[in-house]
Amino acid sequence: MSEANASGLAETEVKARALDLKSLDNPRAMKLYRRFDGIIILVLFTFLVLGIQIQFTLTAGDWDYWIDWRDRRWWPLVAPFSLLLFIAPFTYGIWERVRLPIMATAVTTLLCLVSWLSRYLNFYEFTHFPLSFTFPSTYIGLGILLDCALAISRSLIVSTLIGGGLFGALVYPINWSFMAPYKVPVEFNGMLMSVADMMGYQYIRTTTPEYLRIIEESTLRTFGGSVTPLTAVFSALCGMVVYAAFLWVGYKINGLDKFTKRIV
Amino acid sequence: MMKLIAGKTGLRTLLAGLVMVLLAGDALAHGERAQLASMRMRTVHWFDTKVEPLNVKVGDIVTVTGKLVTSEWWPKHMPSIEETVYLNIGVPGPTFLRLHSEVNGVPMMRSTAFPLGKVYEYKTVLRARVAGRYHVHPILNVKDAGSLVDKGTWLEVAENDSGAPFVNEITTLTGETIDLETYGLDGVYTWHLIWIAMGVAYLLYWLIRKELFIPRFIRIRELGSDRANELMTKKDFVVSSLFFTTALALILGGYLWAENKYPITIPLQTGLVEVEPIEIPTGGLEVVVDHATYDLAGRSLSMQLQLTNNSEGPLRIGEFLTANIRFLNPDVNEGEIYEGEEMVSKDGLTVSVDTIEPGQTVDVELVASDALWEQYRMTGLIHDPDSRFAGMIFYYDENGERFFQEVGGAVLPNFF
Amino acid sequence: MAKENTQTVALDTSDDSKVAGHFKRNRFAYFFGALVIAAGTGIRIYLDTMGFTVGTDYYSEEFQKYWMPVLYGELILLSSFTVILSVYCWMTRETDASSISKELELSRYWKLLGIFTVMGIWAGCVASNAVESDAAWHQVTIRDTDFTPTHIVIFYFALPFLTAMLIPAFIWTHTRIPAYMNKISVPFLAVVCGILMIMPNYGFNEWGHTFFYAEELFAAPIHYGFVFLGWSLFFLVPLAMQLIGNMARLIAETTADDYQPAA
């Protein structure tokens, strides 16, 4: 109360805030608050689903649709970049105002659920691709790491460094558990191909030719010849930077919970 | 919602039946009619396209063969086929499996490059996968330019007799025989379920609590941002730490488990392959295009040509091909028409001089005229920013041997 | 609306059982939510059935017969829906905020949340059905014109329908709820403008496709316009905070022990 006064609030506002606080002990008010929570979760999450689906489809979708796009150099970089960019502004607002470290897990889990539904309806039912060729990747574990880093450290900066970094770095390992079988070698017409390449060749995509894939091509290898750890480190850096940048966007946007007198 | 979706199968069958009844005639194209007329005339000349057999069952083999010539009149505004190109097939999704494809005998799993003015013979072997009626088009995907489409051939695929699910087996280099239709899916489902369960559990922990959005909002506003962290309890800390550790352990454990189970893996394979082109066989006819006009009302293209026969026998012009439309000269009556072949105008070509004798130089007027010009939207030629045409002339010697040559040049419209 | 009735709605002081009360309270969301799901399912079945059979060639008679009327119907339906509802909300606007009781105000907040729930349900349908249907479509067919079946569904119905709901909801909120009357909520405006702008952005998309004609790289820069406009959803958080602040205040006041409803 005294703090509120010190911050220069009007007397009526101070009184109203005291009443707000008092309502937390009022079961009738709490019942309505809980009802509000239920609705706001539904609304927020359904809109989040649309937002992340548009964002992810149009930035990292190609890599996520086809198993023969999930390479070691581009996909582990593009996917976390796209996700962190979308997660950060929501995390900022929800953390600052209600202290809930949930947005990264919410976005990644919702993306996973909607991707499965969408792949089934659109790629399996509508256009006949087998799910073994078009299953989505998972990023849920990364979302949990990012949110938990925030919950444990209670600091956006620390969570950016630890969570943002891990989110970028671990895209390949988290998916490798079920992606490895698709990278087993096959011989075809005297050439070496992975199972994923073979699927890309056999399951015809009329306007997604082989050359359209933005994937790793041979070039100088550092870190003892490996590409995956190299991408992981760079992706961790990108994760931190993009997450920080969009937390700032979130900070700006969340300051705009205002009213204006007219449409400028 | 899932219930509603599940219930749609019956309605879909009904509607599909309705469509089948309504679709008596087949004049469907698959995107190519939207392409610029000049783009279709001056990029790739497809010919001898053959799809066989035309009636198959799921699991049967279909072979698509044909030839193509890359045009020397390739539009400058279009990225060239000399850079990157991929031999593809136009069917609605993987209704077929591609088992094999080759150009001039070279397997075409990857992309390649085609120099201009050369001949390429291609072959694609397909295996029918989903029952239905399909318009099968050979396609070349040219990098940054898009799909160059040959004409389509209708193909009927019936269900197989056994009704058994489609299986696509291959053997890996590690000696395992796998079915690509379902390969690896058990692992995919299991891991996704684990992660979804983790994600949902984490969200439920935070969202199912007595005080959520409004109460926390009020308390944080009251505490001020410096003390807002007081809302985070010790339990929150412990649970978050547990989730953090479990997630990290699952990620690393899953990675090591997969590394152990699949010790031999390779990166995705890519890169260009090289194909030796075939030179266009010269048949002794020298062609100079004097001028060409396009008659809008008459739906015809007239070409004034100066032809010199440098061969030792008489030559007769039998066919003009442009934008996948074949205009045949009925007087010559050569040139095979394949079963199910479309876009053929059997008497669409008129040639002012029937036979060009050896050593003779003659001015010849070629008129290619048919309603197909209109149907395939070639009337759009007038709207192109680069009004030029190209096509292929097919001519025959006295033994009926076929030769071909590309012609092209500027084209003027004739409005009246 | 009678005051007693309003109070019942706003504070849920009815005698209904828990389940019956829930359905009664949320009948707006249930009814219209079911309606939009039905509309979505219907158009999805139409797409599944008529997409590849008669939808691959804009210049064919079949396309003109089975798809273009759908497009015209959508355009007429959505534009009249938006205009009629918006004009109605505006014409019946209330100007005297002081005549609106706290209970009525709170009940209107609940109704606004109901409207948002319906929009959210639609957003979920669009996300799970429409967005990737266009991706799947373009990767197996040759780009024809802008009027492909999946575009007719997503660009001319699914996303504009969200705008068609948002605009009247925006006007309704700003003419019915005292906290929003005679001023404009910045985050609400940002959400509406962002989603609205997706429609003119089709122009950028199609213009871009005149360069690399028919290739379908989804991560291509010509698609980033949609991504950027999708970011307008970031403003949902400040909008939610506005609602939280206002509704908390109203609930705290009207549920207080010493609260006297206005006569």
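As written, the chain order gives the labels A, B and C, with residue 1 at the start of each chain.
By our rule, a residue touches a chain if its C-beta (ideal position, glycine included) is under 8 Å from a C-beta of that chain, and two chains touch if they have at least 3 such contacts.
Nothing here was measured: the structure is a model prediction, and the numbers come from that model.
> Compared with chain A, which chain's mean CA position is the farthest off?
Following the centroid criterion, the farthest chain would be B.
> Looking at chain pairs A-B and B-C, which one is connected by more C-beta pairs in contact?
A-B
> Measuring from the mean C-alpha position of chain A to the mean C-alpha position of chain C, what distance in angstrom results?
23
> Centroid of chain A to centroid of chain B, CA atoms only: how many Å?
About 33 Å separates the centre of chain A from that of chain B.
> What whole-Å value do you get for the distance between chain B and chain C if each is reduced to the mean of its CA atoms?
37
> Which chain A residues touch at least two other chains?
Expected reply: 20, 23, 33, 36, 40, 97, 121, 127, 129, 204-207, 209, 212.
> Quick check on chain C: which residues sit in contact with 2+ other chains?
Where chain C meets two or more other chains at a single residue, that happens at 44, 48, 136, 140-143, 214-215, 240-241, 244, 247-248, 251.
> What parts of chain B, by residue number, touch at least two of the other chains?
Touching at least two other chains: 5, 90-94, 139, 141, 143, 146-147, 213-214, 217-218.
> Applying the document's contact rule, which stretches of chain C touch chain A when the two form their complex?
Result: residues 11-12, 44, 47-48, 51, 113, 116-117, 119-121, 123-124, 126-129, 131-133, 135-143, 180, 183-187, 189-190, 214-219, 223-224, 226-227, 230-231, 233-244, 247-249, 251-253, 255-257 of chain C touch chain A.
> Residue numbers of chain B touching chain A in their complex, please.
5, 84, 86, 88-100, 107, 109-111, 129-130, 139, 141, 143, 146-147, 168, 170-174, 176, 178, 180-185, 187-188, 190-192, 195-196, 198-200, 202-203, 206-207, 210-222, 224-225, 228-229, 231-232, 236-237, 240-241, 243-244, 247-248, 250-252, 254-255, 257-259, 261-262, 264-271
> Which chain A residues qualify as touching chain B in the complex?
3-4, 17, 20-21, 23-24, 30, 33-34, 36-37, 40-41, 68-72, 96-102, 105-106, 108-109, 112-113, 116, 121, 127-133, 135-136, 138, 140-141, 143-145, 147-149, 151-152, 154, 166, 170, 173-174, 176-199, 201-207, 209-213, 215-218, 227
> Quick check: in the complex, which residue numbers of chain B touch chain C?
It is residues 1, 4-5, 8, 11-12, 15-16, 19, 22-23, 27-35, 39, 79, 90-94, 139, 141, 143-147, 149, 213-214, 217-218, 377 of chain B that touch chain C.
> Using the touch definition from the top, list the residues of chain A that touch chain C in their complex.
Those residues of chain A that touch chain C are 16, 19-20, 22-23, 26, 28-29, 31-33, 35-36, 39-40, 42-55, 57-63, 65, 78, 86, 89-90, 93-94, 97, 114, 117-119, 121-123, 125-127, 129, 204-209, 212, 214, 249-250, 253-263.
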